[in-house]
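In what comes next, chain A is part of two complexes: it sits with chain B in the first one and with chain C in the second one.
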Partner chain A sequence: MKVAVIQFPGSNCEHETLVAARSAGLEGEIFRWNRPAEELCDFDGYMIPGGFSYQDRLRAGAIASKEPVMETLKEEAGEGKPVLGICNGFQILVESGMLPGLDGVDAALAQNVMVTKGEIVRRGFYCAWTTLRHDAVAGRCSGSYLIEKGSLIDMPMAHAEGNLVTADENLIEKLNEENQVVFRYCDTGGETGNEFPVNVNGSVENIAGICNPEGNVLGMMPHPERSSFAWQLPFVDPAARRQIDTPGPGRLIFESMRRYIEVSR
Partner chain B sequence: MKINLRIRLKIPDAEAATVKNTLVRRMGYGKVLTGLERERLFVLEVDDAVEDPMDLARRLARELVNENKESYLASAEGLDFERGSVPVKVGLHIEDGEAETVLDRLRNRLGFSMVKKVERSVIWKLKLDSDDPEKLAREIAEALLINPHKDFYEILR
Partner chain C sequence: MRIIGHPDQEVETNLRGAGIGLTVSEARSIADILGRDPTLPELFNYDTMWSEHCSYKSSRATLQEFLHTTGPNVVQGPEEDAGIVAIDDTWCVVIAHESHNHPSQILPNEGAATGIGGIVRDVNCMGAKVVATADPLRFGDPNGPDANHVRWVAEGVVDGIWQYGNALGVPVMAGDVVFDDSFDTNCLVNVVAIGVVKRDEIIKSKAPPGAGEKGYDVILIGKPTDSSGFGGVTFASEALRAEDEDANRGAIQIPDPFLKNDLFKANQDLFEMTRSEGITIGFKDLGGGGFTCASSEMGASAGYGMDLDLDLVHRAGDLPPEVIGCAETQERFLLICPPEMTPRALKIYNEDWDLPNVYESARASVVGKMTTNGRYITRHKGRETCNVPIEHLTGGIRYQREEKPRKMHHMEPAIEVPQDLSQVLLRVLASPNTSSREHVYRYYDTEVQGNSVIRPGEADAGLIAPVRGERFGIALSVDSNPFYGRISPYWAGATAVAEAMRNVASIGAVPWTMTDCLNFGNPEKPEAFWEFREAVRGLSDAAKALWLKGHQDAPVPIVSGNVSFYNESPKGTVDPSPVIACVGLIDDVGDAVTMNLKEPGNNIFLIGPRFDELGGSDYYRTVCGATGANVPKVRFDQERKMIHTTIDSIAWGFVVSAHDISNGGLGATAAEMALTGKADLGMVLALDRAGSSRLGTDRLIFSESSGFLLECRAGAEEDLAGLMKERGLDLMRLGAVKDAPELVMTRKDKKVVCLDLEAARKAWTGGLVEAMR
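Our next item is the complex of A and B:
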């Protein structure tokens, strides 16, 4: 099972993402955006890592979404292969129309707007540990295949534009009806209060990650590769910090993709 | 009364170059897109009682323009663009936090209490070899320059 971690100019999480994938038992390599796109077909799954592709010129993800490698990626996703977009990878998938994957470009990831007690308290870049509630049923989505509905997972977010917005007034209802909302920001008890700091970026209905209707493409703003080992967690027992291979909660995302590939072969 | 500040880079504009490159190399506009430039636009609504709007524009530009790398054109009321390109204005139709912040800082920290509203946008000036450049500009705007779920565009002529 071999995955391609697609690197665009300005990606900056590709190595960590590859390490996390390998820790989950996947083989893989970093696939530069300007390689012949057809070489992408040799892989069983794909990851678009975080960073600032093309320096976020024009808007986050917009330029990368027009690269030939994305056309091939759409074709491979159409074959049912799993795709995971993390942070900037999620932005690229939204700009390309692969997510939510209903009718062209269906949404945007706008600037974070943090609201507390009805007042905007900050905007823009924010970096923090978050708790995510898995709102899809196990097996619904390639990147959360092994995760039970209602499970809580800790991982960090670090972005300026993760606020899911849409001009389609029916879109969120459709996503909810079709179980395409995979992760929501919540508190440590699993409650999704809509205000900062629980809703870290102002995203509609606390949405942190969505999948396409088929479930094989997942995009999420938080970084599972940054909580893939227990030693990455800030609140870990110091003794556990020395056990370098102990898995962290983010590893479930990569193990899910591995399992999805196994069962869909 | 409105004061317009059109701001452009004196140094090479990497963002404009990337957008042009994408349109030419990735999206098939190589034969019709002969040039592309970018400006930032601030439209500042100010008190009608301001006696010398151009002097106010100069003072506002000292805060909003970095003249080490940018130059600006100021005007009151209307915008007038040079011929030969189609100016496409792109802005947010959702709340623009940066514009709100600029307004707050101008009024409450820098003493420009006569400023009532700030609008921020980007002007893409497209040089197009086409019988219907405006139609082509709309096509380009919708294909790349905006995400309709947060941005609007307007052809300024």
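Our next item is the complex of A and C:
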């Protein structure tokens, strides 16, 4: 099982994403954007890592989404192969129309707007550990295939534009109806209060990650690769930190993709 | 330019008219060596290379007199772009420290971003992977007469740092922000970068052996040269004047993290190719002084000459030769390699990583050859524009500046012990300098690369595990207190070293190396030069007395640094600011501790008694706006014992949380331990044993004398006490962790402080938001 971590100019999380994928038992390599796109077909799954592809020119993810390699990726995803977009990777998937994957490009990831008690307290870039609630059922989505509904998973977010907004208000309803909302920001008890810092970036209904209707393409703002080893967690018990290979909660995302590849082959 | 045989006044007029900062006598000495009038490009080259920024002409003698740059762990001292110390037999840590003060005052966003851009290049060009940065920042009084401007500068600087650093993908692991009215018109933006490299894979920033004899190619890589930053080092070597602001703006460089990101990946491929084929190259970044500085230093340090064709330099438009030479266009590197490697090197940059399509006109270009004649020659449009002895150009000049102690009249304020010390502690916690730095560090991506173990806000130092599969960790911390510097530059230097070391010791790491960034006023003024020398003497004494753990009498080496003079404007000079960055080493990141309270019932101990040392304290500033006179001193023997014993007590598992005492004294230190993390545990502390019974309670709580608060693992109390006794330290039990969200302090069984943690958290996290709003 071999995955391609697709690297655009400006990507900056490709190495740790590959390390996390390997820790989950996947093989893989970094795939530079200007390689012949058809070589992408040789892989069983795909990851688009975080970063600032093409400097966020125009809009985050906008330029990368037009690269030839993305056309091939769409075709491969159409075959049912799994795709995971993290942070800027999520932004690229939304810009390309692969997410939410309903007719036309209907959503965007806008600037973070943090609201407490009805007041804007902050905007823009924010980096913090968050708790995510998994709102899809196990098996629904390639990147959370092994995760039970309602499970809580800790991982950090670090972005300036992760605020999911839609022009069409009905879209969110539709996403809910189609069970496309995979992750929501919540507190440590699993409650999805709508105010900062629980809703860390102002996203509609605390949405942190969504999948396409088929479930094989997942985009999420927080970073599972930064939470794939126990020693990466803040305030972790030193005993856990000493075991260098003890998995962190984020590894479930990569193990899920592996399982998805196994069962879909 | 006509110099020989022309009167001083005419030469002076000509130099200033051309925008050259050289003095008349400096210009004459150049003409003497050349035996003719120098050309305009030659004068610009000399102006650049002999500037304070490039030549350290005022500071070098003092640095050589005082600083300890060697040691058992030093692989490379301050002679190249970055210093290098060994971690173990295989791995090394690379560190560099710079200032970007003047540009950040004029254009905060671009100035600060360029600071990061430059420092990461310094580390990367040694063949290292850049794994962390730290940002010590100094801004003016956010509530003073220049408040609006100060806040504009502060916001712009923080934006510049995150916009550049986050995009590049290097985590910010440490830093500090201090507000002080001496920075009203002169902010300080220092930046530290660290990297890791294998010892046998270090790349030198000089021409390799044989380069001259075999005519190695000189290759310029990166962004097309433009006129940005032309005159940058000269601008950095003068005081700021408001009327020059428009002209100075042009001397500021334009950084580009996106191009840098691509370049770093290409560099990595270049390094791997040369390693696998056993080829030795020279590789250097272009920073202050631009192409002229990088090329001439690479040639001169290997004893060769160079013949460079400026027409081959890829550039944005038609530029005069002095601009091509001295502009400080960002995101460029210089490579010296054997000609047979050249086509493959060009392919890595121009095809594999596609520079020309990633950024308009960026690429790698062959621009000249190495020679053996010791001459620095440049050609432009068929003419020879420069032909000078290369070592004369790079050798610079030395000045022995005069020093004279600054007359100071600092006095202790007369204060009665306040009635409501809880309220005072709340105000100190909310003060611009003691409040939580969270508002700023949440802008920084502290997680990128996935190596972070302890992040800003969790302990006194950041910690990363930078090599996957290895267990060692690198800790990073910075420190300098300008208010101490105002009272005593010597003790400012010594306390900066001691506190930076205490910070890394608080997580259990051994202070392993340091860098210094020395920010002072105009060295031509004897008082400012005296401040500089005093601070260097203080930090040097501390580095020696607080020796490398396990190597008695070997000072903790200072392997890299920077001197920034002329931090003054007509409104005055900055408080003396010797900023220290300390790198700590821990064998196993699993042994590191954070500062948040761990377990109800655990005992809290103090080492380091409280003294009447509130000069420069946050308490004085908060209650009466005074600076005071009794600056905290470093009791060298006691300090070393405290630092080394704290490290051991963490390594042996006796201590589960530690926090060093600094801003806001014991009171703020205790509150911070309770407010970090979940903040659901409190403390009850009896102050009676914290210092002399004659000290006022306010002084016990707020004295900034050095020390540590330690939370002891249940059952390890006797082990800890035994260890401290053996090391000659007085371990004072102050109290215990309590399962309630409040901080209580007593004296003679009377409650003197009772602080609700929810109120404390509000004050503590709100202070910086308020100061930067």
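In the analysis below, the second predicted complex is superposed on the first by the 265 of 265 C-alpha atoms of A that agree within 3 Å, B and C clash if a C-alpha of one lies under 4 Å from a C-alpha of the other, contacts with A are read in each partner's own complex, and residues count from 1 in each chain.
One rule holds for everything that comes next: a residue touches a chain if its C-beta (ideal position, glycine included) is under 8 Å from a C-beta of that chain, and two chains touch if they have at least 3 such contacts.
This is a predicted model, so every value here is computed, not measured.
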Chain B versus chain C as contact partner of A:Lys74, first or second or both or neither: neither
Touching partner for A:Lys149 - first (chain B), second (chain C), both, neither: neither
First (chain B), second (chain C), both or neither touched by A:Lys66: first
First, second, both or neither for A:Lys174, with chain B first and chain C second: neither
Partner chain in contact with A:Ala128 - chain B first, chain C second, else both or neither: second
Touched partner set for A:Gln111, first chain B, second chain C, both or neither: first
Touching partner for A:Gln55 - first (chain B), second (chain C), both, neither: both
Dominant contact partner of chain A by residue count, chain C or chain B: C
Touching both chain B and chain C, residues of chain A: 54-55, 124
Interfacial residue positions of chain A with respect to chain B in the complex: 54-55, 57-59, 62-63, 66-68, 95, 105-108, 110-111, 113, 120, 123-124, 165-168
Residue ranges of chain C touching chain A (in the complex, touch as defined): 162, 166-169, 256-258, 261-262, 352, 354, 358, 441-455, 458, 465, 468-469, 471, 588-594, 596, 677-678
In the complex, chain B residues that touch chain A: 14-15, 18-19, 22, 26-27, 92-95, 97-98, 101, 144-145, 147-151
Residues of chain A that touch chain C when the two form their complex: 9-13, 15-16, 19-20, 32, 34, 50-52, 54-56, 124-128, 156, 158, 223, 225-226, 228, 231-232, 234-235, 238-239, 241-244
